[in-house]
Amino acid sequence: MDKRVSVYRREHFNAAHRLHNPAWDDAKNNIVFGKCNNPNYHGHNYEMEVKVTGVPAADTGFVIDLKFLSDIIKEEILEKLDHKNLNLDLPEFAKLNPTVENIVIVIYNILRSKIDTKMDLQVRLYETPRNFAEYPAE
Amino acid sequence: MDKRVSVYRREHFNAAHRLHNPAWDDAKNNIVFGKCNNPNYHGHNYEMEVKVTGVPAADTGFVIDLKFLSDIIKEEILEKLDHKNLNLDLPEFAKLNPTVENIVIVIYNILRSKIDTKMDLQVRLYETPRNFAEYPAE
Amino acid sequence: MDKRVSVYRREHFNAAHRLHNPAWDDAKNNIVFGKCNNPNYHGHNYEMEVKVTGVPAADTGFVIDLKFLSDIIKEEILEKLDHKNLNLDLPEFAKLNPTVENIVIVIYNILRSKIDTKMDLQVRLYETPRNFAEYPAE
Amino acid sequence: MDKRVSVYRREHFNAAHRLHNPAWDDAKNNIVFGKCNNPNYHGHNYEMEVKVTGVPAADTGFVIDLKFLSDIIKEEILEKLDHKNLNLDLPEFAKLNPTVENIVIVIYNILRSKIDTKMDLQVRLYETPRNFAEYPAE
Amino acid sequence: MDKRVSVYRREHFNAAHRLHNPAWDDAKNNIVFGKCNNPNYHGHNYEMEVKVTGVPAADTGFVIDLKFLSDIIKEEILEKLDHKNLNLDLPEFAKLNPTVENIVIVIYNILRSKIDTKMDLQVRLYETPRNFAEYPAE
Amino acid sequence: MDKRVSVYRREHFNAAHRLHNPAWDDAKNNIVFGKCNNPNYHGHNYEMEVKVTGVPAADTGFVIDLKFLSDIIKEEILEKLDHKNLNLDLPEFAKLNPTVENIVIVIYNILRSKIDTKMDLQVRLYETPRNFAEYPAE
């Protein structure tokens, strides 16, 4: 049996967003998204947990160097999302509603391309301490 | 592959309870349950995390509207359990010992009947920050 | 000696903002405020702790009913600030930079007018878990 | 100037209680205390922070040995309050409403008699993460 | 279907360690492990979550008595690791690098031998709130 | 009245230490400091909160730029203490026992010399979430 271990790195970013479907009129957007539809945006302290699963290397004892993982997250995710307006500043959300579900998929897809496919990857994103999402689902 | 995402909503309630098996005498109850058997009850700030897994809808980006999920939890769970004595005020625990395991099963069963079966459901219940339970087990 | 006790109520709101001084040009704003100056805004999960100090009433044991205090905060503060853009949606910040220092003063002044002056008041505001402010200073 | 330092020890206990004034009828109790008046009690995970202020001793570097402080709190407070019903099991609350304000005063008075008066003492008590009290007020 | 529930117990210990591979020279150790390689050690407040999965017993409602689980963790893990230097005081790490991955495997193996094999076991270990590991991986 | 506001910045570092008085023999050190006297050291994730009190500047709305405060803490404190052995690597503790009381005084004295004396300063240091100290005492 291989000794597969999951390691996690937690990082945070602050961003503005609004929930909005441009195919709907304002009344429907307001009914569906409520105060999250505020045209002037609101924002969150997003906390993300990135989980990488693999076998620890014999010489280092690392599944992945968590400092290296932290650097990847900073370069690929925080550089793009931190202190940004998700709707206006990110092409990914030009037509995609930045719900916590869609943001976590976008983050996963970026990181998936940067981490060796021998390792499994999962991302959890906290929009608030009481609302969060995880992708892919177990 | 469908993009299954898990979303979570965290809610809390405060309740009194005691651990007790009426089929046993006081001495045995005291040995098995210790101070949790205090006849006058004790209590906890329970924190629950409700996890719903499904595919985000194309028009909303929601697996389930977390506001709607929060409302269901408030109506079906908090209304029944918050500021209550689990042993005395809830028929579910008239004959069932309100351990964290049994409480989380009761909560799951109530919520399962209210959430579309296309979606998977799991509940985690914190009795204290150091003691908690999850149902169904993964 | 009267038995003065402090009671605290914690509430949260989510808002967008940017730091900006309209008297300065973009270059200077960028140097002083860095990424907090992003023209499209960013946002936070603000957590506030409202501290009220007084003598508990003999008949209730309350300095102030924390449910009542929570209702005041919801009506006077959350209704105005939650899911809003502080720069655009609040007249208070039309000319005042919404730093955590200035936001906590604005919140204090609103609440001070609603709480009996026999009681002392202090507000702490967390912009992130690592950056926060308190007014008035002790 | 002497180098006065404050040290803090945090401990927790779980208890049942209800808010009730026996001088009032049920209707008035219900209006004033709401669901906290449930006759069958509810409960909380109480967290307490005990703050002791004094000058660190030259030979130990301790204001007070935090292990010793923890032992005092366990013997004098947790032994009495943990896994108890505050209204029924504690003579202190036979006629005193166990609000967070009154509980924190009771805890302070017990600890004050056990800690050298050269040192200042203050107690903070969390009934929930969002409702707490501190005595004596600063 | 059997009602399998997971229960969790959280405990903590404080320990010193350094990351080091004795097969490498100092320069390579420094490149790979950076400041974690400090020859004089550094340390952490480790938090561990032990997850036990099984069917609650009909008479107690317990998967496993969490007080009993806590006692096992104290005797088998905390007694060995708390307030220790992992590299110097533990034979397990005489030749094994005490990364969070390797520590969590060591803890799991000790506990696995003490808990009935009818029950599944998993351990999560936090080295900091932002770096943690879980074994076995799901 | 001037509008004095306190702002806080929270930072963390990981360090090894032991409690020991070289003027005492091993037996006495062991009695007084218990497992904290382990000759091979143990360690902690220290969390520090630096509080700066002053009047917000009219043009920035800052008491002190929290980014600048964070940079000072990183340069003056984290650079010296993070991933270090406090007893062996820091001249300040060559003869001074690194209790949480003495560490917080050392940190305060370093920072006090770097921050404009128009502003008041206080430091809180968490050795664990349950043991912490604050200097100067209020």
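Points to keep in mind about this one:
Note that the chains take the letters A, B, C, D, E and F in the order they are written out, and that residue 1 is the start of every chain.
Here, a residue touches a chain if its C-beta (ideal position, glycine included) is under 8 Å from a C-beta of that chain, and two chains touch if they have at least 3 such contacts.
None of these values were measured; they are calculated from a predicted model.
Copies chain A and chain B of the same chain sequence form an interface built mainly from non-equivalent positions, shared numbers / all numbers used being under half. We define each chain's centre as the mean of its Cα atoms; on that basis chain B and chain F are separated by 41 Å. Between chain E and chain F, the centres computed from C-alpha atoms are 28 Å apart.
Residue numbers of chain E whose C-beta contacts span two or more other chains: 129, 138. The touch graph of these protein chains has some other shape, matching none of line, ring, star or complete. Chain pairs that touch one another: A-B, A-C, A-E, B-D, B-E, C-D, C-F, D-F, E-F. Residues 19, 21, 23-24, 32-34, 96-102, 104-105, 129-138 of chain E are the ones touching chain A in the complex. Only residues 12, 14-17, 35-36, 38, 40-45, 82-85, 88-89, 128-129 of chain D touch chain B when the two sit together in their complex. Partner chain E is touched in their complex by these residues of chain A: 3-11, 53, 56, 59-63, 65-67, 120, 138.
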